[in-house]
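Written below as structure tokens is the structure these notes are about.
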Amino acid sequence: MTPPELPAIIVEPIVRAALLEDLGRAGDITTDAIVPQDAPPLAATLAARKPGRIAGLGAALTAFRLLDPDVRVEVFRVDGSDVVRGDAIASVTGTMRGVLSAERTALNLLCRLSGIATATYALVAAVRGTRATIACTRKMTPGLRTLEKYAIRVGGGLNHRFGLDDAVLIKDNHIAAVGGIRPAIERARAGVGHLVKIEIEVDTLEQLREVLEVGGADAVLLDNMSPAQMREAVAIAGGRVVLEASGSVTAQTVAEVAATGVDVISSGWLTHSAPALDIGLDFAG
Amino acid sequence: MTPPELPAIIVEPIVRAALLEDLGRAGDITTDAIVPQDAPPLAATLAARKPGRIAGLGAALTAFRLLDPDVRVEVFRVDGSDVVRGDAIASVTGTMRGVLSAERTALNLLCRLSGIATATYALVAAVRGTRATIACTRKMTPGLRTLEKYAIRVGGGLNHRFGLDDAVLIKDNHIAAVGGIRPAIERARAGVGHLVKIEIEVDTLEQLREVLEVGGADAVLLDNMSPAQMREAVAIAGGRVVLEASGSVTAQTVAEVAATGVDVISSGWLTHSAPALDIGLDFAG
Amino acid sequence: MTPPELPAIIVEPIVRAALLEDLGRAGDITTDAIVPQDAPPLAATLAARKPGRIAGLGAALTAFRLLDPDVRVEVFRVDGSDVVRGDAIASVTGTMRGVLSAERTALNLLCRLSGIATATYALVAAVRGTRATIACTRKMTPGLRTLEKYAIRVGGGLNHRFGLDDAVLIKDNHIAAVGGIRPAIERARAGVGHLVKIEIEVDTLEQLREVLEVGGADAVLLDNMSPAQMREAVAIAGGRVVLEASGSVTAQTVAEVAATGVDVISSGWLTHSAPALDIGLDFAG
Amino acid sequence: MTPPELPAIIVEPIVRAALLEDLGRAGDITTDAIVPQDAPPLAATLAARKPGRIAGLGAALTAFRLLDPDVRVEVFRVDGSDVVRGDAIASVTGTMRGVLSAERTALNLLCRLSGIATATYALVAAVRGTRATIACTRKMTPGLRTLEKYAIRVGGGLNHRFGLDDAVLIKDNHIAAVGGIRPAIERARAGVGHLVKIEIEVDTLEQLREVLEVGGADAVLLDNMSPAQMREAVAIAGGRVVLEASGSVTAQTVAEVAATGVDVISSGWLTHSAPALDIGLDFAG
Amino acid sequence: MTPPELPAIIVEPIVRAALLEDLGRAGDITTDAIVPQDAPPLAATLAARKPGRIAGLGAALTAFRLLDPDVRVEVFRVDGSDVVRGDAIASVTGTMRGVLSAERTALNLLCRLSGIATATYALVAAVRGTRATIACTRKMTPGLRTLEKYAIRVGGGLNHRFGLDDAVLIKDNHIAAVGGIRPAIERARAGVGHLVKIEIEVDTLEQLREVLEVGGADAVLLDNMSPAQMREAVAIAGGRVVLEASGSVTAQTVAEVAATGVDVISSGWLTHSAPALDIGLDFAG
Amino acid sequence: MTPPELPAIIVEPIVRAALLEDLGRAGDITTDAIVPQDAPPLAATLAARKPGRIAGLGAALTAFRLLDPDVRVEVFRVDGSDVVRGDAIASVTGTMRGVLSAERTALNLLCRLSGIATATYALVAAVRGTRATIACTRKMTPGLRTLEKYAIRVGGGLNHRFGLDDAVLIKDNHIAAVGGIRPAIERARAGVGHLVKIEIEVDTLEQLREVLEVGGADAVLLDNMSPAQMREAVAIAGGRVVLEASGSVTAQTVAEVAATGVDVISSGWLTHSAPALDIGLDFAG
């Protein structure tokens, strides 16, 4: 199921800032100098130049709308659609200045978010039939986290925590600071409300056993373990906690990881390095 | 020569916003719940996990400084340095909360910008000995354009225009709107000040000849031409305008493009799809 | 244990905005007109005029510091301290303009947040010895949620979700929209990541039984139930989910509610109606 | 007479920020996960659960409108209306997501502002027939001063100064800094424009006499005087200045204070401690 | 007496925004490209090129400090000083980039504000010996009102109201809307607090008489009256209200206006059309 | 040709901020207190009180629209029109509060920008028939640069660089820092992209000759040269670079400067000291 679009109150300010960044202090000086005031409306089509999954169409269309409130929009492929090269995604018809000045901002958003959704979906498809879900990380573009988390969902993935404040993730340094896994989990449990989950990162199966013995953790992050270790971790955990596999997962290795029986496979690559999806704006005529 | 760092007045607000995005409404709840108030300072080292070129260290260190004004920093490799796997880039020693809470934001910025600088430098190295310089485009991350343009410079590239307002770039639609290359250039020339350059995009050598005949353009963008066409374009232009090659340039093809004699080779891939450079934060002990 | 203070990067912008709201377009015109430029420094003491628990001292002192960076501060009672009438909380010595102009903003923050901590602690004390913890709600002051959630923690309470995005809380309308408790929980579980908890609101014990049968919920909110019903709910749940009692809890009734065996008692009154704690600024001499 | 509503240009940014604070980085994840895209519109009614005076309906309805621009609104009781338990105040019909996501923000604003108006009106009613008006202070919620000052007016009160910059209020420290009441008033008069009023705080009738003798003050604040002292102050002043009674005024004591003949009775309690008015959102069916 | 400087919390954000407006998306590209990283510090002196009164030096120096926190500053002539051509106002010594990049922003602020102070002082000097004070209007530069109002004070003038919200000014349309001067003043008096002054604009002496008869106004604005009319107005008012002369007052005519006995002479020209004071930055060597 | 209007996305935030600056914390208290809720709409006309050229009408009308979305507007004279005293520029009909509260902000913007356009056009007219164009500088009002640059274009002038980042302007200090004109130009050329122009400031003809010999500069700024020197500079340059005359150009001297054959004449006076154009708002009836 495609997730609902983000509310406009969240998306619009991001798009507005992106447009202003591009318009700078004088706006589109090329169009201003050349295009006559009475130029006819311009029609253009967002079209895929490579296969992939669309995400961020709402943001892209907002760019056109912010520069031309009367732009006419027709959507052919909503977010979550899988397109092939040449597919028309949406068309816009508006003032020449509005369409031309918004083009780059619209594409910058749409190509990036679609790239993330495409990469996510590739992993999701690769693990189909296993119990594993694909999750993102916090390795995201500063300023775009909300949009990128959304693109992960559009790709069929699920979101890891949004920031430092909505879930507990206990790491080496936390454990060391307080002298062990038990006090770390206990202090975490005592310090946060009843709607906050606790995950703890482990490097060894020994640590996993200790976590299970202590109890109180909702999930365990298996850091850079081999598939063999993960399989053993699954056996050890026996469903008592959610197991998350983390490390350098790629489209090549993800199926093998999923086959170990872990519940969640997270990948930072999806947002820090996935290539943009190639989408262009074609003009009629 | 490494370009000067961006002034703090530009960088700090971006880092501040990135930190706030990660801290959310409650801050680092894991550290808050677990780490004792009197925990000892934490020392950590930014270290390369892959070879590449460093860019954005100033932004990364700003993240630590904003959460711990007294953090002690030692820099081993400034922006523009080329590192190999394992190289220490800088060390930070500060409060445990400060260091742990800033870690992800610092790395998100440093890895992304270093990824861009690394990719840029790969192209720059590949065209060494030719007259060609490597340039970026406006296919950039919304909100980070200033930082990404800077990373291009650190990689040895030069910046294309920053936005729609600091140079004229005449495209198909502008030409069509006004009925030809001549009126487009003339209107542009008449409409902008004496410190604005004019570039025009052409698809054919025929168009290039017309541009040269009309005069008034400072640069011509050769859109998706073959190396053979580019070579001919260089001959036709005879140094009268700057020639920019644009299209799907890759590390594999860039040398061939440069060999045609064009002046500038621009690549959107550098900023929309270059992978992040893998840099981690290692903790002492 | 007193929770760690919020990071300055979160607190300072709120205090800054509060000061600017009070300074308006011309600053403190009274002090400007009357006090000579060479007036001696002013010393003043934040003192409790009523008993209660202190919260927000960091924000209050930030107000003085923002108007006089060289202000000298001495803290006698940190956040989480319980004071009686007359207790000195902290002293400030700075420029006359700085101290006088910051006074009201500092007190507005300190009195409000201490009022919340005081009210919270009253409930916490009343349920001591039971398994119940005290939690807040989202009935908070627009713009101050982060600070108010912090004050709840200082009072010994725990935070409910911070907003609409960090935990699932299924209510009547959600259940109705999808035709039942089972599909509601199932859709929620499928739609959110592994670090998001799910709570569901029920009006009847019948609904509670259905929730338990369906499984997948981490917590159940018992809406406006009588103590007798709550006691039965505790028996029914048998520790399989966290039970939250919600409704018009007061200092008078909270002990009775806690005695039912529920895990969490939440109160909106703590933030929407708790009176400010009376704290004043006393000047030396 | 009910005061005019604040202009939207002032109110909307506050409501927008409040919504974004609640929506966080992912929006209403409960509704997003559960409610089908084609769910029917939701109708709901803002209804009083306690008697009181309504203030802030415009802000509350703005919350719904910002999340669903097409929401249909019907207003039954405008700001300034006095309601009894059960009274319908307004109805909204809109998208399920819009209505559910805006609910808490709308109520947070409406209940708080109505609480202030209700408390204010209680004092206003208690002094009816005397010459006294009820005024607020600057003991207000940071960030909401404009709205809270408005709620005071809706309650029938009048506003004290808005901040440090729109009127002079001379206090002890100012007098001490310059060596007496006379130089304080004279310097104030010389330092501000002809549209700024001057009030001075006095603790004793002696000081009041000195103020009157010096002249130049528009108002005198009688700080924590007994009714007997106030009555004497009224006699001494003989109408030459406005007299403001300040101190711990309550609904119980205000009539006695008003009976002394003072012109203005100010109360910080109205905004720092008045309880919210209980208003809920009822859903049809 | 020179008025106290505006607090940094008000001034700094304005200067910061001005610098960012000038630095744009890439900073000072000239200095970055040319000046070596190890260039020696640069010393420069703000010097008057025309006689006038200095205002805004704090804002100007803030510009240098924001780009070079370690800049050394020496002040020779504080705000309110009257300088002649060639006078050194202050010197700055800092990094070459800091000094050169801040130069224009510093001068833009200093020249404009000094221009206003100079023009104001010219009027103030021209009316010396009369009872008239010089006041500004709301005909000010959007975004700079706080600074410009300050410059008026530095010039020896007094501020008219700061905006629409801190004093009542009744004009023709208000009177017409409510059917006469009496109801207008009465409604104003009833609608605002005891610290708000009321001024009313009149075109004729007839209207002035009516205002006095009605009572309740603190000041009367005589709109575009001749000196003869003003003199008569002064006689009619007999000191019962403050009289403000408004219209096209110039340095040539202001003495004649002042001689009529009015209390306040206001001039919009001081802020909308006064020329900047010519101040430059001289470099050593 | 009149330049296209700036896009609303740039203009509206400036106008919005200007309105909020004027409305302050309580809005238009005069109108609120006096004008009945059911007052009839108010019609008013923006009318020239002096001859000049209109610029900024869009910004002015935006002010009315932001306070009354339903205001009806009729435009008689668009930006770039030359008006005489008494000419109606546009009419607005809206709520009394909307029209009265927006009046001052609308006029502040319109009068200032029209003043700049008027002053610019005076110079443009004075050099008609020569090759010279009129340009502005960066001596602009902080916060209004985009609008003021636009007003220059409306006046028939062309824009100099917008900030420190969109063109290179080499001055004395840059040359001194690097030891000569040649290295300065060479470093500049190497350090910036192919769409950035380079201008260099010279004080003597000797320096001009050196610049030409070095090559690489697009323009040369002749700083404070006499007409005789400029004429010689034109002869020396022989069309190889753009020559800009800068210094104290006035309407009196500009024709003589233009007659020297320079290409560009720049004037800071246009934006730092040009008087506002007198435009008023006339009310019907």
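Lettered A, B, C, D, E and F in written order, each chain numbered from 1.
In this section, a residue touches a chain if its C-beta (ideal position, glycine included) is under 8 Å from a C-beta of that chain, and two chains touch if they have at least 3 such contacts.
If you're wondering where the values come from, they're calculated on a predicted model, not measured in any experiment.
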Touching chain A and also chain E, the following chains: B, C, D, F
Same or different contact residues where chain F meets its copy chain D, judged by the half mark: different
Could you tell me which of A-E, B-C or A-C has an interface matching C-E, in the sense that over half of the contact pairs are shared by residue number? B-C
Distance from the CA centroid of chain B to that of chain D, rounded to the nearest Å? 51
Please report how many Å separate the Cα centroid of chain A from that of chain D, as a whole number. 44
Chain A touches at least 2 other chains through residues 3, 21, 23-27, 32, 101, 145, 159, 162-163, 165-167, 190-192, 196
Pick one for the touching-chains graph, please: line, ring, star, complete, other. complete
In their complex, what parts of chain C are in touch with chain E? 16, 19-20, 23-27, 32, 37, 66-67, 97, 101
Chain D - residues contacting chain C, complex: 14-15, 17-18, 21-36, 39, 42, 96, 100-101, 104-105, 107-109, 111-112, 115, 138-145, 162-174, 176-178, 183-184, 187-188, 190-192, 196, 269, 272-273, 275-276, 283, 285
For the complex, give me every residue of chain A touching chain C. 1, 3, 133, 135, 158-162, 165-167, 190-197, 199, 218-219, 242, 244, 263-264
Complex contact set, residues of chain F against chain A: 3-4, 6-7, 9-10, 145-146, 149-150, 159, 162-163
Could you list, by residue number, the parts of chain B that touch chain D in their complex? 21, 24-25
